[in-house]
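Listed after this line are the structures, all set down as structure tokens.
Look at the two complexes coming up: subunit A is in both, with subunit B in one and subunit C in the other.
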Partner chain A sequence: MSLWLLVDPHLWQQTLVYAAPLIIAALGELIIERSGVLNIGIEGMMLVAAVTCFVVTWQTRSAAAGIVAGMGAAAILTLLLVYYAVALGGPQITVGLGLYVLGVGLSSLLFRVVFGVRTSPPSVQTLAPVPLPGLADLPVVGHVFFHQTLLTYLAFLLVPLVHLALFRTPWGLRLRATGENPRSVDALGISVERLRYGAAAVGGLLIGLGGAYLPIVLTGTFSDNMTAGRGWLALMLVIFGRWMPFTALGGALLFAYVEAFQFKAGIVEKAVPVQFLLMLPYLFALVVLVRIYRGARAPQALAVPYDREARG
Partner chain B sequence: MAERVHMSGIGKRFGETVALAGVDFTAARGEIHGLLGENGAGKTTLMNVLSGLYRADRGQIAIDGVAAAISAPSDALRHGIGMVHQHVELIPTFSALENVLLGREGGRLWLRPERHREDIEALAARFGLALDLDVEVRRLAVGVQQKVEILRSLYRGVGILILDEPTTMLTPQEVDTLFGTLRAMADQGLTVVFITHKIREILANCDRVTVMRGGLQVATLARAEMDEGRLIELMIGERLQSSSPIAQASSGDVVLDVRDLAVQGERGRPVLADCTFRVGAGEVVGVAGVAGNGQRELADALAGALRPAGGRILLGGRDVTAASVRTRIAAGLVVIPEDRIADGLLPGLSVAENLVLGLHPFAFGGGLSFDRGRARALAREAIAEYAIRARSEDAMAVELSGGNIQKVLVARAMAQARAVGGRLLVATNPTRGLDVRATEFVRRRCLAFAEAGGGVLLFSEDLDELRQLCHRIVVMFRGAIVADFRRERFDPYAIGRLMAGAANPAAP
Partner chain C sequence: MSAESRPAVAEAVVVPVRSGGRSRVTTAVLTYVVAVALAAAVSALFILAMRGDVALAFRTILSSSLGSVAGIAQTLNKISPLLLGSMAVMLARQGGFFNIGVDGQMYAGAIVATGLAFAVGGALPLVLMLPLALLAGFAGGAALGAVPGALRARWGVNEIFVTVMLNFIAYYLTEWVATGPWNDPITGEAITRVLPESATLPMLLPAAGAHAGVLIALVMSAAVAVLLGRTLLGYEIRTVGDNPRAATLGGVRLGRITLVTLALSGALAGLAGAIEVVGYHNRLILGLTPGYGAMAILIAVLGRMHPIGVAVASALVAVLMVGADSLQRSVKLPASAGAVFQAIVVLCVLLVEARAARRARG
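Moving on, here comes the complex of A and B:
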């Protein structure tokens, strides 16, 4: 296989396309986890966002409406999780897994309710790339970075925004404090519940955006299980990034590169079985995680329900 | 004196347990008010009600003579009430400055910690709280973390500051500094409520004291009315003989000889390095040190729960460095672990089953069978001998109170010692959280072990306890034994200095 494939500008351009939904969803998850809630149902939530986005876009012929609807759908699910976790003090892993399974089923069901069973799936127009004037004409760099869709640009813009929100605002300080020691935050007269609901809403909108990205940028259609593990990857990226936005971005680019490479290699190199190539990103994830997980420091109160009157 | 806090008829239950049965409490402006009582007397619960963490079932609170409805910490803060909890409630990954600012950041959109630095530094200076604001809190010593908490309350402008057992983990020097700060606060018109079970601290520092027992307020005394005997009597409801003086250590064999012991922690960082010391037969050796300086690792390495990276452990002359736990038990090692619930027993099993754990290879004639009848017979003996309050030997361990759980652990240790010939007892904070009677009981048993010719290695956070019980005290700092004091040279300040990391002037 030609090594030139690895540095092909088109491969790099595609890397950014595939990294975008991963990083958006990972940022959403990161915000929720920083508040001390573990959202393990992210894969299902992205699926529900994807189908909602697709259906609404199909009905209204407006991609913007579809994206907003998808974001809202995911946010409802994250708020539901936090309701269970915060108001009822329920086990977050169990509820999260339940929401995952619910999301998988619900997304397929919604699609069939609207479109019935078809042999050729309906499709919508995907977002067109918007070359940035001036920058798009730069050699190589212009093609890689500045021939992208608006959503892709937004994804990368979100990374510094989330970073600033977390580390440079009072809200971020309180959010991070809640994830570390909710009792301390409560004792200072700040509502732990409000912070966690807030984080769930913001995080849910982002997770929804990541899910909506799939039909509206990548495929133009919806298919069962189309997230194909991207939610789980986003979950893992948060750990990989050690709960920091920029490190998570690094991870997203790494995985997206392997994912883009797999598509590219599938076309160019017929000798390699496609199933093997499909496996690559996940295999890569496994190997990287084993190395990274050692010494990673999660928010101390992650997945622990907060009860003010708990003794001890 | 102007009355600042007035609580009357405060009641609080947790499920079936009555924690507060109608308590009255008052504190005045400009005083340090001690709140004295045994564990479980309701001191912390009462103050948690005042600070809004717990909601009282009944009773009234008035602040400066005006009725106050306090149902959440934010209400308490509005009334100028702040509390420093027993376990530091800070965000470990934040700097001291960020911890102080949290919740009162000032500014709407952006965080600008630098703008408030001067105010906070001035405040710290006013109350004698010297600290570096830029260090991550988890890298600070416990005593300094406590200063951050006090500063955080002061920054919120509290007029009433409650401290829950603030001296537990401090060196004597740090305790002095703390009381200096508290006195400065009282002199400037604040009300300080100081929760403790240590009578000496009350006598030395408090203007008034309220004594609680069994969820009730039993007395409030002014400074002139306080004396040790009276406070003890009020606290436990009867006169009690204080601990028996310890016997001379028999200068005989060495039961434990630890040489250059080293243990690697996470990421290869040494948590124990060049640990060398001995325990003689009939000797009680105390290990003093600020928590987290390798005491836990040393105890675990001795028990066989941690594999040393280097060095040797000789138990009764026999090398057990790499031996299994069972071999160690057979060689005469007996352990009372630090965390009674997590490491000490199996909460879901019966008292009888718990009592026979560790003893089982020896109690049933070496066979594989579990002789339930024999286990229950042993348990009945132990329950009678140690006055363990349990429904029966079949009661689940989790049903017992903390003091009775500790008695089970002591009974088990002593039964093991009896079965195999106990040589060394390793006990970590064996009296923590126990009431006066249970404490006395556990201490006597430990001393009896030494009198019978065994060696005792006692890890304790309570320096007073070590000074009372031990023939020698060794000091641990950053994973090494840095000093060895004989009983006639026990000086809490000298020991405290070494615990805090000062070089040992007496070292060769």
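Moving on, here comes the complex of A and C:
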């Protein structure tokens, strides 16, 4: 295997393709966690979004309708989590795990309810790359950055947008304060509940977009557990990124590079069993995990239910 | 992440508390009745959506899992991985940890047990080989469980992520051994050759096909209950789960307990994997666990992290899983419907409990 593979422009182009769903979902989770709610069921939510997007696209022949439906489906689940967490003060990790298992089962069930058991899986048209006029013709850079689908461009556009929303708007300030010290927000007469529901809705839509990306850009079809741990990776990226959008993007690119490399190496390299290449992203995640906890500081009120009447 | 409050073991014991006259046990039973009714209603909607016969579906679940000796045998065989898996989740939870890696640990135990059986199984008699294979499963699971334990103890890495990542790694490792070195070329699938006869678990109901795994699972569960309730180690594990700071101040070595708890938890799951190999399939197959790990989490929650509750919940879920398998044939409902039903029950229980807790707070 030639080392040139590591710097192959096509590998970089694929890195961006695989980074997009990770960063979109991580941004969604980041917004929810910044509000003080821990959503651990993201893997299941992405799966539900993926199947919803696929089914709706297949029936309406409209990718846009599918994407919107997938986003909505995930948002329903995040709102459900926040109902438990905020309105009832329930145990967030347990409820999150329940929603994760529900998502895994529900996505598989929905697919079979609609399509039955088939030997050849149905498929939809994936989004075509849209070369950006002018930029796409640049040498190397044009191919890597500007031959992507609209959703991929959107993913990278979302990073500065979420950053601005969190750090340059009153809403973002209140949201972050809710995650650090909800009592102070409450004292200003702002509803902690409403902020957390709002964060869950926005975050859920983004998590759903990350899930919808998988069938509509990557595969064109749905298969059980097709997220393959991307939800858990997104959850990790939030910690990796220290709850900051741009740092999370760095992590997403790193993981996506390993993932893209593994796919590409699987085509070129025949001596190493493919299973060991498929393991690479997860082994890499384990190595990274050891590092990311050093000095990580979560929002102070993360996963702590807010009780107005408790004595602070 | 450890900020979540955990119900103490004692809470699950029957203590009448409400002034309104309803004892806690009545409340708990009502909770479960309401939750199951809600989940049944949702499932009925699903069956209707598929134009299935609701009454027939529910009758099929019961008759296929409990209505015949063969059905009961199937149910007993399902109890063994579910009970050991949920005990693994429960044990970890008592120490304040979330073990999401039961699937991976089952595969690890199964791989080590299979490897040992292929290596020495032909030369050893059953009385020696079988305990060795089970022990190998135990050790394999413990090894995989020790990884999150060590990472958490040493660097404070959250065990949820580590166990999830190890699930994928163990899965691909199984795929490799089952398609590569140990592959049975006749089947053309990710299945290993048949194990030597000395590595075969005896049958409990030979004619119906129930193996003795459920007995091992019951004995191990009793052992876990004794460990947690009656030994110093168990006391230390529960102290760490309740309040790690207080435990440290009281002289408990936090890192050691973290490692031991997660390794033991993994060992239970690894044993379950070995039992599936030597008892049910007589070889290692890639689909060894159809998501037992996720089921185990839900069972542990349903059983309120209490050994008896977990045992009862495992039996009920085994009935549900066998029933769901047969629904696939009669009502054409996929087996994942079982997981959905169970997840809905759990979410309903959590909902009713959280609402009750909220009312109790005023």
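For the reader, a short list of remarks on this structure follows.
One rule holds in what follows: the second predicted complex is superposed on the first by the 311 of 312 C-alpha atoms of A that agree within 3 Å, B and C clash if a C-alpha of one lies under 4 Å from a C-alpha of the other, contacts with A are read in each partner's own complex, and residues count from 1 in each chain.
Here is the rule we use: a residue touches a chain if its C-beta (ideal position, glycine included) is under 8 Å from a C-beta of that chain, and two chains touch if they have at least 3 such contacts.
Given the structure is predicted, the values throughout are model-derived calculations rather than measurements.
With subunit A as the common reference for superposition, the partners subunit B and subunit C occupy compatible, non-clashing space. Shared-chain residue A:Glu180: touches subunit B; no touch with subunit C. In the overlay built on the shared chain, the residue A:Gln300 is in contact with subunit B alone; subunit C does not reach it.
Using the contact criterion defined above for the overlaid structures, shared-chain residue A:Arg308 touches subunit B, although it does not reach subunit C.
In the superposed pair of complexes, A:Arg168 makes contact with subunit B only, with no contact to subunit C. Put subunit B and subunit C next to each other and count what each touches on subunit A; the higher total goes to C.
In the superposition on chain A, no contact is made by A:Glu193 with either subunit B or subunit C.
Legend: residue contacts after superposition of the two complexes on their common chain; A:Leu109 is shown touching subunit C, with no touch to subunit B.
Angle at subunit A (Cα centre) between the Cα centres of subunit B and subunit C in the superposed arrangement: 80°, in steps of 10. The least CA distance from subunit B to subunit C in the superposed model is 5 Å. Shared contact residues of subunit A, touching subunit B in one structure and subunit C in the other: 309.
Interface of subunit A with subunit B (complex): residues 167-170, 172-174, 176-177, 180-181, 183-190, 295, 297, 300, 308-309, 311. By the touch criterion stated above, subunit B contacts subunit A in their complex at residues 14, 51, 53-55, 72-74, 76-78, 83, 85, 89-94, 98, 101-105, 107-111, 152, 156, 266-267.
Those residues of subunit A whose C-beta lies close enough to touch subunit C in the complex are 38, 40, 84, 88-95, 97-102, 104-106, 108-109, 112-113, 116-117, 224, 228-229, 232, 235-236, 273, 275-276, 278-279, 282-283, 285-286, 289-290, 293-294, 302-304, 307, 309. Listing the residues of subunit C that touch subunit A in their complex gives 1, 3-5, 46, 49-50, 98, 100, 151, 155-158, 160-162, 164-166, 168-169, 172-173, 175-176, 179-180, 291, 294-295, 297-298, 301, 332, 334, 336-340, 342-344, 346-347, 350-351, 353-355, 357-358, 361-362.
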